[in-house]
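See below for the structure under consideration.
Here the chain labels run A, B, C and D in written order, and each chain numbers its own residues starting at 1.
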Amino acid sequence: MSKKIANKAAWAIVITMLSVGAFYPFISPYNAADFSFRPLMDPSTAHLLGTDEMGHDLLSMLLAGFRITLTIALAAALISTFIGTVLAVACAYYKNWVDTVIVKLTELFIIVPEIVVLLFFAVLAKPGVYNTILAIALFSWSKVARIIRAKSITAIEKEKIQYTLLLKGSIWHVLIKMWRELYPAVATMFIFQCSKAAVYESTLAFFGIGDPLAITWGRMIRTALNYEGIFTGGAYLWYLLPPIACVCIFVVALSVLAYDFERE
Amino acid sequence: MNILLEAVGLNKKFNGNTTVLNNVCLKIRRGGIAALIGESGGGKTTLCRVFTGLEKASSGKVLFKGKELGTLRGRSFDDCASLQYIFQDPYAALEEESTVSSVLQEPVNMCSRRGRDYMPPQEALTWAGLAGAAFLGRKIKTLSGGQRQRVSLARSLITRPDLIIADECTAMLDAQAAAEIGRIFKKLNQKLGLSFLIVTHDAQFLYQVVDYIYVLHEGAIVEAGPKDRVLNIPSAGYTREYMESMWEIEGGGLIEQDHLCQPQ
Amino acid sequence: MFVSASDLHVLNTVLPEETFNSFKEYYAPEKPVAEQLAIYIKNLVRFDLGSSFYYKMPVAEIIAGRIGWTLLLSFVSISISALLGIPMGLNAARRGGRGGKYLLSCFMALQSLPVFVLAIVFQLLFCFKFHIFPSGGAYTLGMNANIIDLSVDVVKHSVLPVIILVLVELPPIFSLTYNVCARTKEEPYVEMARYFNLSDRLIKFKYVLKNSLPEILSKMNIQFLYAISGILFVEVVFSYPGIGTLLKVAASSRDYPLLQGILLITGFYGVVINLIFELIIKKVNPRF
Amino acid sequence: MIVELRKFKARHGGQAAWFNYPDLELEQGQCVVLMGKTGCGKTTLLNALFQYSFPGEVDYEKAEILGVDWRDRGKNSYGLVSYMPQYAQSGLNPSLTVGEQIDLVRRCCFHPVENPYAYFEELGLKKDITERYPFEISGGMKQRVALLLGFIKKPALFVLDEPSSALDYITLVKTVNFLKRRKEESCAILMVSHHSGFAAGIADKVKVLREG
């Protein structure tokens, strides 16, 4: 029973977060870019989470963060899951050298941590939301490829799929035929990639490499940590913790969903 | 003499040292029904998979209608379509959730895309002894093992093949269902001139369906000849032992069940 | 890994003039790509990784001075996680039931959190709120003490980072062991062993563990490689003087040679870990 | 009496239909073969009686195995009963050699067979397979090794589920002869098979199950 409740709660959280991301201009008290308020105000009825040292309203910034962070997460996850799945099926379908090359490539990403490679290229690229999405997507597909490849290789050995091979079906025919077998794993990986992309986005911002203009949770955490007096007063309570909580809730809700998919 | 399929000196080794096939030579006549018998693990399945191109022989070649067949990727669609394969496990060979008509639609699509003449699914089902339009709409998971195996057979018939290779296709069926499959094979052979290569353990098949027998022992063909000679005056020691054991086990049973397998 | 002219063009906008010029001279982007690569490899063989423009020092020297701290954290945390995680996973899988599953879901949630977030929260709680542990560094600066006091000081500084690392490294090892063993337990040969009347102890060690271990080890090696990124973040939060803090400086100051050096050294670390595991797996099961 | 069943019913978890079984009595040194169409509940009966943890329910007036009521069978119920499910071919530990497995099984028996290698010849197995791992020997051999392992503890009752499927005739004959000899050594055998010839070779009694 409790599992069902956790699952429902996770769906509710994810859907709420997505709708906040979609409709935040209607609920946000101020414009997030507006820095005309008195800096470093404590929470009050006018500013529920107070203001930062520049004079931004923190609640508005947090709400604005929903849209960009979630967009980055979804877009990067979509691209990386797609790349990973296609490469994985190609491994199973073509075997031989195609398989070897792709496996070596995924191994390379395991040996050198994705995040270090990602940082390396993010430093070179022009900072911006699109580049962040691309960087995350292009450097995080390796785990998807690894897991889906294992599934594809067992799936392609199944007799119902071998029949398509016997009829000289193309890789797309095989992919469509295998979809029923792969779908749970792909869905799990997509959810997993969403959460990973959110983590990577905040990590990039934490290292100071994200888009300096885009308001994301990661950037809020970074500016909060850069603020000297964050731990001395109570500022961390309304400055640092809300974006951290948002990242954590999002990621945990996703992992509950992914866990449920995985077992089906 | 009209040879449909010919194997010339096939060798197959796994992991470099385990010999699975040892210089196998065999010829299948057009319009014949050949049986391949031998102990489990003796290389029968591997031989079938080499014929269908799912596996690659270490050396030797396979000739189909006089021209050499490569691996699956090297074959033309016509070759693939005219050499069909029926899998052993009717429960694994068909997608549980799809309907009979969508299973039969796959070869139809492949044929029409490549401009090959095909048999309408209705007609193929009739040949397989599953008449009735209502049958097309049924889900695979509602069918019995025998019915599934006949759907597999109908699927193979759609491409209008010349040769059907059936790998122990009755091993998982009860006696009646197996006898029914045998009757259908015989009918297809007489009316459509289809040739068969059947791997089997079933004494009924040997006595009533096939006309030529190959005995495979430890990866090599130890005996080959017309049914009557191999069954009654086996020459190789292994075949003799096999036949004696078969008589010891099946002795009484064979005569009782005779009526089940009378060709119509 | 070398610099192309277009990369340099990007760097031109972020670097001070003089650094940029020395950099340009060192990497010589106007030469053909093959020649650049040859120069790069030649330098690499001599352990010359170029020179950092933030520290104005050879990259190899900077990394050599820092890597010890990172290795200390990684080996301590990894050993603790493996020694705790494998027996926990095996026992949870053997008992079956709900306990293991609940522990697994808690661990799943914990595992998915960004490591640096976890580190910040811990730092907030244990350093700033309760003042149990020092908030940063690997040792108290300017301390002039004997070897024993110094070791105690180092241990005190590394307790919190290690706890956090164990918290993120343990879950994957636990769930990996749990999943593999739970799957092995369902194998027909384990059930058959009961029909042969084998004792529970024999089934646990000779059947479940013996057949799970190769798979656990071959997958754990990946977990260890993932762990390195966790170590880097924890270091940043606790300003631990290892590779991680270096990475942060390099990334935020766009110190290209330093980043490249870190990339290389982490890659090298990965290769070494892989080799070690390959040896262990060969020892455990000659069949793999 | 080795096995005695009266008004025994069983059903799998989640399924609505109960299987009703005819009364069954099995005495020492006897062999009873259960036959019937696919889906008549042959395997379910063996699972209900002998599986380590049966996922379903049973109901009976009397069900005694070796004189012990079914519900009272304890942890050591396999001390004198050997059960060989359908998947016996994959029932060997893949990372121990055949010889190591024979030794392990012998260590856990009350009165093990003195010389298990005497069975090798009867089953047509070569001595040198003791050095091999299960993945190095054929399916038919694995099945026979599993059979041999089951007999090491000198069981009073041996239960087999479809031992004939996927075996070729030569192996089948050897298996039949082996089982016959064990029967003569006063081991009771309960077997499910759809292979009439195989069953006829050993059975003292044949029970045909009907659906429902």
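Operating definition for what follows: contacts are C-beta pairs under 8 Å (C-beta built on N, C-alpha and C of every residue); 3 or more make two chains touch, one makes a residue touch a chain.
It should be emphasised that the depicted structure is a prediction, and the values quoted were computed from it without experimental measurement.
Asker: Give the fewest steps needed to get from subunit B to subunit C, where each step moves from one chain to a chain it touches.
Answerer: 2
Asker: B-D or A-B: which has the larger count of contacting C-beta pairs?
Answerer: It is B-D, judged by the count of C-beta pairs in contact.
Asker: Express in whole angstrom the distance between the two chain centres, defined as the mean CA positions of subunit B and subunit D.
Answerer: Centre separation, subunit B to subunit D: 32 Å.
Asker: Rounded to a whole Å, what is the gap between the Cα centroids of subunit C and subunit D?
Answerer: Chain centroid spacing, subunit C to subunit D, equals 51 Å.
Asker: So, with touch as defined above, which chain pairs make the list?
Answerer: A-B, A-C, B-D, C-D
Asker: What residues on subunit A touch subunit B, complex-wise?
Answerer: 158-160, 162-169, 177, 180
Asker: Within their complex, state which residues of subunit C touch subunit A.
Answerer: For subunit C paired with subunit A, touching residues are 7, 10-11, 105, 108-109, 111-114, 116-117, 120-121, 124, 128, 222, 225-226, 228-229, 232-233, 236, 247-248, 251-252, 254, 256, 259-260, 262-263, 266-267, 270-271, 274.
Asker: Going by the contact rule set out above, which residues of subunit B touch subunit A in the complex?
Answerer: Where subunit B meets subunit A, its residues are 52-54, 72, 75, 77, 80-81, 84-85, 87-89, 92-95, 97, 106-107, 110, 155, 159.
Asker: Write out the stretch or stretches of subunit B touching subunit D in their complex.
Answerer: 38-42, 145, 171, 174-175, 201, 241-242, 245-246, 248-253
Asker: Touching residues of subunit D toward subunit C in the complex: what are they?
Answerer: Touch residues, subunit D against subunit C: 50, 52, 76, 78-79, 82-85, 87-88, 90-96, 104-105, 107-109, 133, 146, 149-150, 152-153.
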